[in-house]
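Labels run A, B, C and D following the written order; every chain starts at residue 1.
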Amino acid sequence: MERKFIEYDFGRVDSERMRLNVGPQHPSTHGVLRLEIELEGEIVTDVIPHIGYLHRCFEKYCEQMQYPQVIPYIDRLDYIASMNNEWPFVMGVEKMMNIQVPERVEYIRVIFAELNRIANHQIAVATFGMDAGAFTPFLYLFRDREMILNLFEHTSGARLLYNYFWVGGLAHDVPPNFKDTALNIIKTVRATNEEVMRLLMGNKIFVERTVKVGILPADVAINFACSGPVLRGSGVEWDLRKAQPYSIYDRFDFNVCVGSNEIGVIGDSWNRNIVRMNEMEQSCRIIEQAIAQMPNEGDVREKFPKKVRPPKGEIYCSAENPKGELGFYLVADGGNKPFRLKSRPTSFVNLAVLPEICKGYMVADLILILGSIDIVLGEVDR
Amino acid sequence: MGFLNRLDDPFNAEGIILGKVEDLLNWGRARSDWYLSFGLACCAIEFMAVNASHFDLMRFGCIPRPSPRQADFIIISGTVTMKMAERIITLYEQMAEPKYVLSMGSCANSGGPYWEHGYHVLKGIDRVIPVDVYVPGCPPKPEAFLDGIVKLQKKINQQAIFKKRAKLAEEEKIIVND
Amino acid sequence: MVKYFKDILLGFWTIMVGMKITMDHLFQKKVTMQYPERFDPIDTGFMPDNSRNKLFVDIDDCNGCGGCERDCPVNCITVETVKTVPSDGPITIKSGAKRTLWVLKHEIDYSKCCFCSLCVESCATSAIFHTKEFDYSGYDRNELKHDFVSYSDEEKQKKLDNFVAYQIVKKQEDAAKKAADEAAKAAAAQITK
Amino acid sequence: MGNFVFDLIGKNIVAALVICIIPLVFILPYALIAILGELKIGAWMQDRVGPMRTGWKGVLQPVAEVVKLLQKEDITPTIANKPLFNLAPFIVFIGAFAAFAVLPFSEKFIPSGINLGLFFVFAVGSFAVIGIVMGGWASNNKYSLLGAMRSVAQIISYELPAGMVFLSIATIAGTLDMQTIILNQSGPIWNWYIFGGPQGGAIKFLFIPFFVILFIVYLISSLAETNRTPFDIPEGESEIVAGYHTEYSGMKFAMFFMAEYANMYVVSAIIVILFLGGWSSPFGTSFMDGPIWGIFWMVGKAFFFVFVQIWLRWTLPRLRVDQLMYLGWKVLLPLSIACFMAIAFLAMIN
């Protein structure tokens, strides 16, 4: 504790500051993040995030593993959106090895990636609501997420960490009633989203809690290299799916959701969340189109290479994850193990902006700002 | 046939009354497990799914408590790094007796995927705190986790409260005899 | 002033809307599946065929190639083998191929396994596969290790001894053969000379 | 008026003891029912089933919890201020329990029929905050301290609108005695104060909105006084871990727990007494009325408001501290003062 003078609008205040440790065990740090905060009464004056409580040495580990064995470890990066994680790596290896995956595989990948995006945003909104004290929307969203996970389990065999996108194809073909199930999921997701909009996002208390809280201006967001809903919430229309279309995303009609100042201010917590809600709707649209266009016949495993040995070279391949841009920089030396695998973790980059935007707010706001950035510690610490 | 066995020696401290009291106390402990709401890694997400409507952990009387003082058991849900292990020991020590530990998933059981080269990962949470139930899986299915809870409750139900030392000695004797 | 009252009314109204939603849910059908009592994972569709649960190795079908051990990213599988000897007679694995290796140990440590299904992919004889058993939590970590080989120690020792004995025999045979070959060579060389 | 125990035994020390014990006997089963209700209703609202495995459909869940909490280790942190730390939960509980002294259960039973009932409730209602501050400060935990500070600010702000509501009803009823207030409202349902009270004739219908606003104001400030969502910021789970009771375990935590539920009943009972006719039957004096039915109506109506509190808890997010102050000082207080003036006018013209 130290004594400081603080300049306020109403004059100089002499007060004692309190240092408080939030985490690593705290109900709402989304894992094991530790925030060292300096409090002036209830007002946060300084935030120092301490990371490394979940450091699993992912990048070095991958140098020990053969290419197919890397995929289970990539799953454990951002464990909420495993399908999306696998994609940039698999895409990069395919590009190096010059494999053209079949149409059907591309469509299935798009559908699963978008379903996982919905699941991720459901968790993000749900935990954000729980940080604000609303427990019920959390359960409604998790109830729907269970349907998505069920479809994933029926397809890949696992509920959370799928190991499903393989170099050159997919591990398993989709179950026979896949299309109906997916359409059914979309219907339920839309119904629940509408309900959550009324129960949580439209609630006056929640709106008061989130608008004008943690305002992230667009230039700061760009300077900190934020991506995903955090960047789009600040009004920057940047989505890798539109900006640098990879896979077959140029075939679909969807909008890039950005924050507006309809209810809040551009770049506040409310906008970051409403972007997530809207993106769920856009994902539903993409899935509908993909299901309509998807070829029915085709072997998902026909393009599997016998041995995954990319030629000597290097590549950076990135994709639009639910949380933002996830990229892998891969150096291959011609062997069956990566020489170097460097990831550009979304959450880590997004978390860097936290100390910038939460000074001067209250403790309760700090929790909400952290929730609105939607980090996953597996990706932050790697 | 616990009841009948106790009838044999009603004057012993393990007589009917104390036996029944012990059953009641164990029943209370087993049926009202409050857990520390605390997540580490991937398993924590699956653990949240266990809490959600489809599986509903509250059916077993498990209610989340944010403070370790009020929690009865702690779920080690994910990879425990060396840095985090110290904190987990502190958390465990902060909990009030009787306390239990449930190790969820491969990482907590024995380091999981990181057991071989992981200089940074604790190879099994049982190296620092005593574990009651190990739930395998990476991450475990919610049903598998619920099975772990059932097993934990079964274990609590058979605990000795009175004459603990004598019973422990007896158990040890059995182990020695084996 | 108008905004003040509007805010109050809006707050009141949205709270009412929220309360109506929760009230509606109070009387809706519940989605909970009650796991131990009323739960059949296969019937309720919550356990598909390719679900990744406990692994099982059909040791009669395993030819001991060790592919699963090599492909496991976690190295939780330990396979120990010994070569078969001619005195064992003609033996085959279940699927009909000739057995060249006795599997002395095929241990999977479920407390390390990451259930990635790569071992299942690599198995040429489909000896290793996922079962539908998921509830096998234990009170002891060692309970989670499972050795699928049911040979007793004597049998294993006997197989090892057989192999060692056979190797000695083979060595002698080889030596004899070599000697015979060399003798033949020498003879041939002499003839050509 | 009066008290059936005194009628039976006479005014002596035994009767007084019996009267003391009756609310305590009431609180224990009530707390169990309320905890079960909280768990079950919360679960049903979230498409779950709630506790199912303890007793039939989980009805014994709260009993198991009490049995468990009784045998939990009682931790006192080494650096805590031990006397205050140990005293705090009792003070909180006493604050909740003392209010039962003037809460009528029926026409024939009120533990203490003092004619300052409303004032007494108002006084002991803010008693609990002393315990909360004590516990929060003595725990020597920063989270507890934050929770305690928030609690003080909250209760002081919300005492005022609640006081204005009490004042309004006291003005129109002309008394602070609980039983008299209820007796005023006996008779048909439109005699209840939420419908303008028994007096005034046709002109009272002009004043009904003011009574309804007062009713809502008190409902909101009662939530704040019992630290329930959306005003549970002193123990805001996701912000300051468990607030003022972070360091409490076992029986002392159970005391806090029980005090919260007892407080829920107290404020619900006061809402019922002030606005909904207390123990009087909604069907007038002829049907389902009498001392025994009085208990039914009183407890039933109060339980409905306990249900409303549970309902709100599972619906709403939590407010922030400054918004809480805004709501208390800038919305509820002006509204209640305006209503007070209107009702004072109504009382004057009568």
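Note that in this section a contact is a pair of C-beta atoms (placed from the backbone, for glycine too) under 8 Å apart; a residue touches a chain by one contact, two chains touch by 3 or more.
Treat the numbers as computed from the prediction; the structure is a model and nothing was measured.
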{"item": "Chains touching both subunit B and subunit D", "value": "A, C"}
{"item": "Of C-D and B-C, pair with higher C-beta contact tally", "value": "B-C"}
{"item": "Distance from subunit C to subunit B - Cα centre to Cα centre, in angstrom", "value": "28"}
{"item": "Distance between chain centroids, defined by C-alpha means - subunit C, subunit D (Å)", "value": "60"}
{"item": "Rounded Å distance between subunit A and subunit D, as computed from the means of their C-alpha atoms", "value": "44"}
{"item": "Rounded Å distance, subunit A centre to subunit B centre (Cα mean)", "value": "33"}
{"item": "Sites on subunit B at which at least two other chains make contact", "value": "53-54, 56, 59, 66, 113, 138, 141-142"}
{"item": "Sites on subunit D at which at least two other chains make contact", "value": "45-49, 52, 237-238, 241, 314-316"}
{"item": "Interface hub residues of subunit C, defined as touching at least two other chains", "value": "15, 18, 21-22, 25, 30-32, 34, 46, 73, 114-115"}
{"item": "Chain contact graph, described as a line, ring, star, complete graph or other shape", "value": "complete"}
{"item": "Complex contact set, residues of subunit B against subunit D", "value": "24-25, 27-29, 31-32, 53, 56, 58-61, 63, 65-67, 69-70, 72, 96-98"}
{"item": "Subunit B contact footprint on subunit A (complex, rising order)", "value": "24-27, 31-32, 52-57, 60-61, 64, 72-73, 76, 79-80, 123, 138-139, 142-143, 145-146, 149, 159-161, 377-378"}
{"item": "Subunit A-facing residues of subunit D, complex", "value": "42, 45-48, 142-143, 146, 150, 229-230, 232-233, 236-241, 314-323"}
{"item": "Touching residues (chain side subunit C, partner subunit D) in the complex", "value": "8, 12, 15, 18-19, 21-23, 25-26, 28, 30-32, 34"}
{"item": "Of all residues in subunit A, those that touch subunit C in their complex", "value": "65-66, 68-73, 136, 140, 143, 150, 153-154, 156-158, 161, 163, 171-172, 175, 195, 198-200, 202-205"}
